[in-house]
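So that you can tell them apart, the chains are marked A, B and C in the order they are listed, and the count of residues begins at 1 in each.
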Amino acid sequence: MGRDRGVSLPRWVFVPAVIGATFVVLPLIAIITKVDWSHFGDLITSDSSRAALWLSLRTSAASTVLCVAIGVPMALVLARTSFPGQRLLRSLVLLPLVLPPVVGGLALLYTFGRRGLLGHVLEVMNIQIAFSTIAVVMAQTFVALPFLVVSLEGSLRTAGHRYEVVAATLGASPSTVFRRITLPLVMPGLLAGAVLSFARALGEFGATITFAGSLQGVTRTLPLEIYLQREEDPNAAVALSLVLVVVAVLVIGLARPERARL
Amino acid sequence: MLASRFRNAILTALAAVVVAASLAGCGSDKSKSARTTTLTVYAASSLTGTFTELGSKFEAAHAGVKVSFSFGGSSDLVTQIEQGAPADVFASADAGNMDKLTAEHLDGRTPKNFASNTLEIVTPPDNPAHISSFADLAKKGVDLVICAAEVPCGSAAQAVASNAGINLAPVSEEESVKDVLAKVTSGEADAGLVYVTDVKAAGATVKGITFPEASTAVNTYPITTVKGSKNLTLATEFVELVLSSTGQTVLADAGFAQP
Amino acid sequence: MSLDFRARVDDRGLDVEFAIAPGETVALLGPNGAGKSSVLSLVAGLLHPDSGQVVLNGRTLVSTSDGTDLPPHRRHVALLAQQPLLFPHLTLRENVAFGPRSLGRPRGESRNQADLWLARVGVADLAARKPAEVSGGQGQRAALARALAVDPQLLLLDEPLAALDVAVAPDLRHTLRQLLADRTALLVTHDVLDALLLADRVLVLDHGRIVEHGPTREVLSHPRSPYTAQLAGLNLLSGTWQDDHVVLPDGTTVHGLVAGPPPSSGEPVVATFRPHAVAIYPDQVAGSPRNSFDVQITEIEPLGDLFRVRTERLSADVTAQAVVDLGLAAQMPVRFSVKATEVAIYGL
C-alpha cells in the first residue's frame, strides 16, 4: 500500500518542531522521574488526595455541563446571527482566554462576592456563593467557557447553514433543525470543545483560589491541593501532579478517536 | 508542583538578571569605587518591608555593596537554596523550614532567632460579625478563614485552637497568610487569623483584634548565613545588623516581638 | 397549486412579476447574476423583498403591504439545489423521511413514504447507505425523493442537473421529467435542454428584469435577447424514433447517440448538436456522411473569433478561413453535415 506523501515540508521546520516537542514532553518526564513510586499508592489515596481528586472531577464535570448549556446557545448566536456590536461581544466573551485566571477570580469576586455587584441581591435571597463548591464551578466555567464557544463557533461556521436551509424548506421548525441537523453536524466540534473545557476546568487554579477559597472536600480541588502539599510534602505534590496529568491525558485520549473518526 | 518549579525558575532567572545587571554596572561605571559587591538575601515574604529598610541601611554603611533580596514563602526559598540558588543569607519565618535546610547548606553555624510573631484576629473595618474574642471565631454563622495546616500560619492557628480547647470551623483554609488577608479585605470573610505584623501592614483596610490565647503559639524567625556564600564577611555583618538594636527597632516598629 | 409572484429587491436590482399556473413547470433562464437565485430565495423565504407579495395557492407567503412573512418551514415549498445537500449523518432513507417526520407524521409512516419515494427515483437499494457512500447522481436522486416526499405545493429546482456528470444527467432529467409532469415547479437553469425537456414555459431574466417569456419552444425558436439567442444556438430537431434513428417530419433521417433510456419506435424524440460540430460543404458534394442537411444560408454573423452561419433551422460555427474558402454568403445553398457521435438524442 502506498503512502500519501503530500508536499514535502522544508527540512529546517523539523528543528524547531523537535525542540518544541521536547520542551513540552521533557517536563512531563521530569515529573515521572521525581515520583516516589514506593509510596505512590499511599500518597494518592490519602483522605485529602482522594477528596481533592473527587472534588475536581465533580466540579469539572459540572462546569463542562454548564459550559455546554450556555456555550452552545452563545456559539449559535455568534455564528448564525449578525447584529451591531457582535465583534465586540465576541472579543469580550473570549476575554477569559487571555485574562490571567487570578484576574478572572477577582472579577467574579467583585460580581458575586458579598460586597460585589450582585452581592446585596444574593444576600437578600440568602444565597452565599463564596467558599462554596458552587463558587468553584463558577470559576471553572468562567475560564473554560471560551474554549467551548470558540471550538463550536468554528464548527458551526465550517458546517455552514446550507443543510439548515434545506431542512427548513422540508418543513422542519427551527428547534427541529437545531436538534436533528445542526447539533449532529457540529457534534465533533462540540465534543472537542467540551473536552477542552473539561481539561481547562480540571487545571483551573488562579480563579478558584481567588474566588472560592480552599477547604478540603468543598473548594480544594486537585491543583489547590498540589499547591498546598508542595509546602509540606513535595512527594505528595509530585504524585498528585502525575494523577492530574494522567486524568487529563485520559480525557483527551478518550475524546480524540471520536474527533478523528468524524 | 509544575507551577512552583516554573516560579522557581523565574525567580532564579530574575536573580540571575539582577546579578548580571549589577556586574555589568560595575564594569561600565569606573568612576565609582573600584567594585560593587552584591549580597543576596533570601527572606520570608513577611519580612519584605523590614528587610528592605535594613538593606538600605546596610548599603549606606557599606560603600560598594548592593543588597539584593529574594522574598518568598519560606519553603519555596528552602527548595531554591537546595537547588543551588546563590543565597548569602537566609531568614525563615519559622524553625521548621530552617530545619529542612540540611547541615550541608548551613555552614556549620547555628541559626539565630531574631524576631517572633503571634497571631491576631483580623476582620473587615466594620467587623460585621461582631468578633471580640478568640471564642467568637467558633460562633455559628461566622465565615472564618485561616491558613491551611500545611503552612506555618495554619499550624500556629491549629495550635492556638487546640490549646484553647476551641474547635474552629473555617470556610476556607488558604495557602498563605496573604490569601487570608485578601479574603478579609475583600469582605468575603467575617474574620481571619493572621500575624500581628500583617494586621499592622494592612493599616486601615482591616481591624485587628489581639487575643491572649495567641501567646500559646509563638512563631520564631531564625536567620543564618548560607554555606558557599562568596561574601561571608558581609553576610555575617548583615545577620549582625538584623540582631542589633537598629535591626530590632525596625522589626519592632513593624509589629514583630522579641524572639 | 398556483403561484403569484411580485417582488422588488433594491440592492440586487431585482424587479420581477410572474405567475405559475397549477401543474405547470416554469423555467427561469438567464445569465449569472441576473437574479434567478434571488427569485428562488424570495419564494423559499430566505430573502425578504423590499416590496411585493408572493401568494401560493391562495396562501400569502410574504406580503410587504400587510406584513405577512411566513418562515421557510411553513411555506410548503421544497428546494432541490445543484448539490444534493443530503444530511451527511443520516442514511438516504432517514434523509427522505426527515420531511414527513418534521411535518409530524408517525415514524413508521415516514419510513414507508421514504422507501416509496426512493423507489420512484430509482435508488431503493441504497436506502440504508449514508450520502458519502453514494455517487453524485444517486445522491441527487435521493435529494429529489426527499424534496417530493413532503408533497410540496411548489417545487423549486436550482440547476438540479448542473453538477452532474454528463453521463448521468440525461437519466435523471428523464426521471425529473416524469415526476414533474403534473407538479407546480419553478426551475432555474442555464441549460436549454432542461428548459426544453422539463418546462412548459420559460422566463428569461436579465439584470433583474424579465426580458422574454412564453412557451419554451416559441421563445427558443425566436430568441429576442442576445442571451436567449446564444442559448438557442444549440441545434434542436424534433422527430420520431424509428428502429435506430430519428425521422424528421420532412423525412430526413438523423443518426446519433441516445442519451438516457432508449426510446421505443414511434416515440417522439429530439436530436441535438452544437453548432461547433457542424461542417459545411458546397451543395453538390459527393459521398455524404450519415447526417447531412441541405440548407440555405440566411445570415452570417461574427461570434468571437468564429462566424455563426445561420439557416432557417440550424446553425454552424466555422472559422473565417472556411467562410473565405467556401465563399459563403447569404442565400447560398450548402450542405451541413454532423458526425453521428456529435448528436445526442433524447426521448420526450
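Note that a residue touches a chain if its C-beta (ideal position, glycine included) is under 8 Å from a C-beta of that chain, and two chains touch if they have at least 3 such contacts.
Just so it is clear, the structure is predicted and the values come from calculations on it, not from any experiment.
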Note the shortest touch-path length, in steps, from chain B to chain C. 2
Core chain by centroid distance, with centroids computed from Cα atoms only: A
Pick the pair with more C-beta contacts: A-C or A-B? A-B
Using mean Cα positions as chain centres, tell me which chain lies farthest from chain C. B
Averaged over CA atoms, how far is the centre of chain B from the centre of chain C? Could you give it in whole Å? 86
Distance-wise, how many Å sit between the C-alpha centres of chain A and chain C, to the nearest whole number? 53
Based only on mean CA positions, could you tell me how far chain A sits from chain B in angstrom? 35
List of chain A residues in touch with chain B within their complex: 27, 31, 34, 109, 113-115, 130-131, 205, 209-210, 212-216, 219-220, 223-224, 226-234, 237-238, 240-241
Complex interface listing, chain C residues touching chain A: 44-46, 71-79, 81, 83, 85, 87-89, 98-99, 102-103, 146-147, 150, 156
Could you list, by residue number, the parts of chain B that touch chain A in their complex? 1-5, 73, 75, 79, 143, 145, 148, 150-151, 170-175, 179, 182-183, 186-189
What residues of chain A sit close enough to touch chain C in their complex? 162-163, 165-174, 176-177, 180-181, 184-185
